[in-house]
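What follows is a pair of complexes built around chain A, which joins chain B in one and chain C in the other.
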Partner chain A sequence: MAEKFVSMRNLKFLLYEMFEAESLTRYPYFQEHSREIFDLVLDTGMRLGKELLFPCFSEMDKKPPEFVNGEVKVHPLVKVIMRECGEGGWIGAQAAYEHGGQQMPNLIMSAFRCIFSAANYSAAVYPFLTTGAAFLILSFGSKELIETYVPKMFAGEWQGTMALTEPQAGSSLTDLTTTAYPTDQGYYKIKGQKIFISAAEHDGGANVVNLLLARIQGAPAGVKGISLFVAPKLRPEGGKLVPNDLQCAGIYHKLGYRGSPITQLALGENNDCRGFLVGQPHQGLKYMFQMMNEARIDVGLGAVAIASAAYYASLQYAQERPQGRKVTSKDPTQPQVPIIEHADIKRMLLFQRAVVEGSLSLIFQCAKWVDLAHVLSGDEKDRYELLLDILTPVAKSYPSEMGILSVSAGLQCLGGYGYCEEFPLEQHWRDARIHPIHEGTTGIQGMDLLGRKVVMKDGRAFMLYLEEAGKTIQEAKGLRELAPFAQALAEALDKLKRVTGHLTGIALKGEIELFLADATLYLEMFGIVAIAWQWLAQAVVAQKALAKNPAEADANFYQGKLFTCRYFFGYELPKIEGLAARLLTGDGLTVAMKQEFFQD
Partner chain B sequence: MAEKFVSMRNLKFLLYEMFEAESLTRYPYFQEHSREIFDLVLDTGMRLGKELLFPCFSEMDKKPPEFVNGEVKVHPLVKVIMRECGEGGWIGAQAAYEHGGQQMPNLIMSAFRCIFSAANYSAAVYPFLTTGAAFLILSFGSKELIETYVPKMFAGEWQGTMALTEPQAGSSLTDLTTTAYPTDQGYYKIKGQKIFISAAEHDGGANVVNLLLARIQGAPAGVKGISLFVAPKLRPEGGKLVPNDLQCAGIYHKLGYRGSPITQLALGENNDCRGFLVGQPHQGLKYMFQMMNEARIDVGLGAVAIASAAYYASLQYAQERPQGRKVTSKDPTQPQVPIIEHADIKRMLLFQRAVVEGSLSLIFQCAKWVDLAHVLSGDEKDRYELLLDILTPVAKSYPSEMGILSVSAGLQCLGGYGYCEEFPLEQHWRDARIHPIHEGTTGIQGMDLLGRKVVMKDGRAFMLYLEEAGKTIQEAKGLRELAPFAQALAEALDKLKRVTGHLTGIALKGEIELFLADATLYLEMFGIVAIAWQWLAQAVVAQKALAKNPAEADANFYQGKLFTCRYFFGYELPKIEGLAARLLTGDGLTVAMKQEFFQD
Partner chain C sequence: MKIVVCLKQTPDTEATIKLTADKQGIEEQNIKWVMNPYDEYAVEQALRLKEKHGGETVVVCMGPDRVTEAMRTALAMGMDKGVHLKDDAFAHSDATGTAKALAAAIKPLSPDLILCGRQAIDWDMAQVPAILAELLDMPQVTVVAKMEMGADGKSAVCNRRIEGGEEVVEVKFPAVLTCDKGLNEPRYASLPGIMKAKKKEIKPLGLAESGLSANDVGKASSKVQILEYLPLPERPPGKVFKEQETPDMVKQVVKLLREEAKII
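What follows is the complex of A and B.
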């Protein structure tokens, strides 16, 4: 069995050497913190990951939640994790002291969540989904809602969920029909159905708090008529918890991510499901989307975490498995070599490492911007929010899409064993497949990036991104060994600009369908360039550290970083050539393709 | 539930319009056949596929084989399928009349196997694995072995297997240690272990006939000391079948392909496992590899069949599922459109169709060459055998690797439903993942292509391939609409030649490790170009057919072909740019990367 699922050395490299987490303590909001405290958070995460989550990784997959008489029985670990996370303060760690939080940077908590998700993705969903839901209430809810729900959620006693999807409204949230009927009692009566809701019913907590999108009776059509509600499974009433007419109608049997129940909900079948409005009427989607950046980046984080666990499992196998000989010495009487000595295996390992550590770097970059946007104001805040706006679809999609290929490469390293349940790769591969789907499919992210983020505010977010990447290029140019990569990234960014200009030109001509037809490819190209940028930035740090003659273990680590950077520029970055060729000459093929041409 | 898993229209297009299957009946071996007989074969395949195999597709996955007291219980369908295939003559259909066969072209039987595998891949493995094993005996075995085993196998009573892999010898067959001890009784006593053997024990037939590689005691080390044996589960003795000391030690629990048991075998634990030598001593690997081309092409066929079923399931969903509106008309009061109207969904459908129909075309091309090599002699036979040699790793790997991505695109079309067991996509995705692993991993195929096939006989196979593709380019150049694609393919082939010359130049300098380091990428590039060639060839046929003003349904079908060809040249072929860039500038990164740089 694999023993390692994430690298503490790499986490610390990114947090401290790359993103200088300690520098955040200069800001009043984080001033109580220190490197020691951050290390303690990471060590605790690693201890819980190793001792609590990882040992149940396979078992939670093999014994998925059961739906019995309208209730969902989950693995007993869920209750333990929620309690541990509640008691340790991990669910609300980022919240302000006044709300029972620890004012912990998102950057540090992203590393913590990464450890949890790498140890056991399904298990990690319970506490951190609760975090997201609680923050929505904190951000937009009334004092009463906050006091009623948030402490229980932060304590790990009540599960939080995000209840958006309906049978007719998945990617198209505009078509939500769940309805909230006003009463004069301070609540709404909710009627409707929700599907694909993670953890909306289970016995690992005492209650479930659904953050639910619904349409107030008579509201405008479309997204402008959607409001946000708290609709708990049990509602507090007269000092007790009473059922809130919110029935779990079933759970889905899924490819992976099996430790977490994905539920169908029937709301108000007995006309007694009460929903409590969060904030103003008709602002629900806006509220939800203000949390969406972080939720989407966290999907990328979950993807990279799974890919990390898969990478270390395949690395361990490659180091231990003897098979074949070097192509230069085929003498069958000589012993076999560990497969890590074969170039093609090293290529697959480098690919995985490039995806994992490159994606994680981008995600931590975003996490730090979340922190900076939180503590800064005015133009500075705007700057980081715009950077987050444009990079969120990338930080969600690149790890999600490439994470699957990364895990697949890990599985391939194991040959036939990779296909068998006795090794964890096959589960990682199944688990990973959810990420391009939930929190907005890759197709939706592509349209968000190209159709909204790139063009918003006259392209200002895009310009800020180019500025950030430009800084890294300047730094790298100053290091002889990295100058060719700096040059390559500069050329890639030029190509991206050219493609962007070409596409926005189509938009200016009003050909919107053509403009967006290949948005997914644009997202893919954008993602590769962004990860190249992160690899160059890591290489700058590694190269400088190597120049200081570090101890052998550190030197090997930094050399590994430099080789992986070279891998990325040699094997991954050239993929933009084909994408750019397509994007620059798109002939509207997929727009022109008629439905009947698929008939045969 | 999806209703269609393969397109008869497309099969007939490929068989009759593209590859002119009827022309094979000019050769004496096939002279008894006709279009009517071929159609009957296809219709029977489709009937069995629809009525027998497809209905159990999901059930065989959900109720996988069970290992009970050393025996393996499989789905009751297995016995029925084996009987139907035996009675219908489908297992031995390609064999000569004198051996109980029907002298059916491999081209036609490839289509038959495609239908079966698309309907239910796991179920199709039983009869067609038997075909391969029986043909090995027919080709190299003694008259006695043939008479003892082949009729029972063709009748579907006895299962055939290929028993190669051992715990220490997967990709490295040179390290086989299973030993055959000579006796003076006309048989050998076998001792050893085999793992990952498909269907080597189950209750769907009366016996299992393993075609087994072992080393005769005292044989030379390496591949030159490997012999081929028949080692049955039960051996005929005195008119009865008696146990042959060949124990099933267990079965593997797998990611997919679950309807078929993959077994571990312990041979000769009681010193009474008898093996019967096939052909000459120490020639086993050579024999095995003479069958390997077809076995490997059949893996490609299995991959494309799964991708076909996934494609039609996602196409049906895309036609039926309303979600969202055209980007040009977002009015939420208007009804939603079926998702097939979204450009990004059409792109994912075109991608699937491009992979499925492009791969199938290449596989049928190879199947026809198998037939021609069989009935021709001298230079002509050599020509087709060389073409098969060079294209076999491509026909195995392109569908295997791209099939997974194709199914993944199909799954993505379904969004959250694609991730759920109530739709077939998730199973197809799991089933498909075996193909880059078995019958030689993709890495092994890459080394076979670049290290052996491309350079063999001074590059003659490669030249023949260029000649074949050149013919298609000439044809396409004569059609105004296709001339640009002809030009694009010519340029792609030039690029492939340049890359090949660059790499073989490295080999000539003796830098073998560097030469082969990126063989997998070379295979990928080679594959994309080969499929582009097949798409151009299909477009030529479609364009000519369209010029004859066919009926509307046919016109739509041909238009679909032309659009998919355009898709391939627009979206897939440009991927060779990045691959060529890498292959032309490879710096030996994966050779130089040290094991300790992976440590952290």
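What follows is the complex of A and C.
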């Protein structure tokens, strides 16, 4: 089996050459850090990935979790991973020193998570889901909640989860019905049902801490009546852990990402499920959404990571598999050539590299803005938060949707073997399929981008984005080799502006359904342009580095970057033409189509 | 107790090694350097002994600036401090020169125990620990796969792997032990460990401070002369026998093994 799942060279290119991770250490919050520390962190992540996670990649898929007598048995690796990540300090790495963290930049930890997810996506979910849940408590919970739960979660002893979805409330969280009944004991009694909750029951940890959305009895209808609770599987009581009337009713058998269970939860069947309010009543969704940017960017990261593993597996195969001859030499007495010599295979490899490294670049850009927004204040903070607002749906959806196509291209490189279990591609392909679904479907992201983010604050976030891309264009214009690409990106942005203007015009006329009907296509177009921007930015760095006559291996790496940038501008960016044509038509075809017309 | 670990930085086992054009060395720029894998067992053993019996752990390493990366990894795993033998004069030392330099750095520390890896995975010679033990006048036990501290805290019972079995020996401290796979499961560096490692001392030790002279170490002292580096010969293509009766093919193979390959 292929051994490489992620490129350390590329991670370091992005972290240090593109995004200048060391510059973060200028800020007091990160001042204890240095390049040396970052390198050790990445090295350790790579070792854990290679030695612990990767060897169980296929086994966790073939032996998925089992539901036995109300309990979920998971692969033994889960316990090991949680312990290593807890003892190693990786779950709470980004937290402040006073909360037991090490104030690691999100940018560096994004690379760490990328390594884990590429090695074994299912296994990576357990520790980092715990990180997200613990941060919710840290950000909005009382001192008591923090002290009770966060240290155990950071130590990897207790699993954290996000419990939002209900059977009737998936995309539409407004329709949540799980109810919290106030008591005079300082807690609420929870009653209801949750479904699809990742890792909410398993034997890889001693307890589970669910960050759960519910409606306080009598709360206003809609999203304004939703509150956030901690609802643990076992609750601390009198120095002991006692069951909290939170039953796992079953697990779902899924297409991929099989090493991690998604559970159905019955809460308060015996009227004894206690929930502890996090923050203020009715603010739950707001709190969730404050964490959502990062959670959604991380979904994009998971998608890139899987596509990265698939890319390296197919790259290795393409170098080793002899098949056919060059079209110019059909002499059957000559040996066959490795398939990587065929232009069509190179196209599929370039496509994968373009998706993987372009997406990762956008995600790291966002990760750095998360860090900057964290340490800055005032206008500067606002700026980065707005940029994150507008690019989050893109950083979530482009990698998720294109990741599937990228893995599919990887699978195609292996021909029939790609379709067989003996090679990892079929699993990557199944694993990748989750990402456009969870943490808000692509459809929901499209409406979020066009209906909310693009128009918010009179289009200010959109303006800031254009400004950022404009800076890259200016830089690229100064390099002879890249000037044509700078021009192409400028034109693409103009087209995006035109389409945006056209669509918001429809909104101004009050035709909201028409305005949002093709929001997913708008998101697709926006995504392609954003990745073109990231490729141009990478090309600028690569071009400058090449000018310094680096050693052979580096020169090849930078040439590869330039070729992939050219690939993106030549093969992917033109796709916006078709999308723009469709979006500018705005004839409302899908709005007009009737349910009855589907009858046949 | 005071424990010294001798550490070497080697190319990663997965690194592709390319020779320089003049065949006088390997191209170092694009190699990933790591702590010699066998030395990880030595570091882990030192940490476990310290956790149980207290004391101090020191990592000693000779080499150019880059070796501090491997030293930091050892410090991030939990070693207390480092001594870095760093001087152009040390370059191109053979095993004897290296052992002399290490001995000079270690002697003033008066350790109870010196732990090394069983061999470095680049040259695979396993010479340095033996010469070091000789120079420091200490007993040595090689390829240790199990170690129990004696009740007196001044000796240990070691199981060493030998062909066909294990040999159990008792050794009095101070001693030099070389650690083998199976002795323990080396830990991963932790994030708090990485953060602390930054503040731990790595003391540079040049030729002058070591008390050695330029004739003791480096190329000048080296009894081993490297004339040229050669890449591994390409494996000759195999011969495939097919479409014949099996006994006939076996006969041909045996004949070739005897006459051409000369291995039977």
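Following the convention adopted for this analysis, the second predicted complex is superposed on the first by the 600 of 600 C-alpha atoms of A that agree within 3 Å, B and C clash if a C-alpha of one lies under 4 Å from a C-alpha of the other, contacts with A are read in each partner's own complex, and residues count from 1 in each chain.
In the analysis below, a contact is a pair of C-beta atoms (placed from the backbone, for glycine too) under 8 Å apart; a residue touches a chain by one contact, two chains touch by 3 or more.
If you're wondering where the values come from, they're calculated on a predicted model, not measured in any experiment.
J.: In the superposed model, which partner reaches more residues of chain A, chain B or chain C?
T.: B
J.: Which partner does A:Arg47 reach: the first (chain B), the second (chain C), both, or neither?
T.: second
J.: If you stack the two complexes on chain A, which partner ends up touching A:Arg452: first (chain B), second (chain C), both, or neither?
T.: After superposing on A, A:Arg452 lies clear of both chain B and chain C.
J.: Quick check for you: in the superposed arrangement, does A:Glu421 touch first (chain B), second (chain C), both or neither?
T.: first
J.: After lining up the shared chain so the two structures overlap, which partner does A:Arg347 touch, if you call chain B first and chain C second: first, second, both or neither?
T.: So A:Arg347 only meets chain B here.
J.: A:Ala553 in the overlay: touching chain B, chain C, both, or neither? Say first, second, both or neither.
T.: So A:Ala553 meets both chain B and chain C here.
J.: Let me test your reading of the model: by the given contact rule, A:Ser171 touches which partner, first (chain B), second (chain C), both or neither?
T.: Once the two structures are laid over each other on A, A:Ser171 reaches chain B alone.
J.: After lining up the shared chain so the two structures overlap, which partner does A:Gly570 touch, if you call chain B first and chain C second: first, second, both or neither?
T.: A:Gly570 sits against chain B, while chain C stays out of touch.
J.: Using the superposition on chain A described above, determine whether A:Leu589 touches chain B (first), chain C (second), both, or neither.
T.: The answer is first: A:Leu589 touches chain B but not chain C.
J.: For chain A, what residues appear in both contact lists, the one with chain B and the one with chain C?
T.: Shared contact residues on chain A (touching chain B in one complex, chain C in the other): 553.
J.: Which residues of chain C touch chain A in their complex?
T.: Those residues of chain C that touch chain A are 14, 27, 29-30, 32, 69, 72-73, 76, 188-192, 194-195, 197-198.
J.: Residue numbers of chain A touching chain C in their complex, please.
T.: Within the complex, chain A contacts chain C at residues 3, 8, 32, 34, 36-37, 39-41, 43-44, 47-48, 84, 87-90, 93, 102, 104, 551, 553-554.
J.: Which of the residues in chain B end up touching chain A in this complex?
T.: Checking each residue of chain B against chain A gives 7, 9-10, 165, 168, 170-172, 174-175, 195-196, 221-223, 252-257, 315, 319, 322-328, 330, 332-333, 336, 340-347, 349-350, 353, 404, 408, 411-412, 415-416, 418-422, 426, 429-430, 433-434, 436-438, 441-443, 446-447, 451, 512-513, 516-521, 553, 556-557, 559-560, 563, 566-567, 570-571, 574-579, 581-582, 585-587, 589-600.
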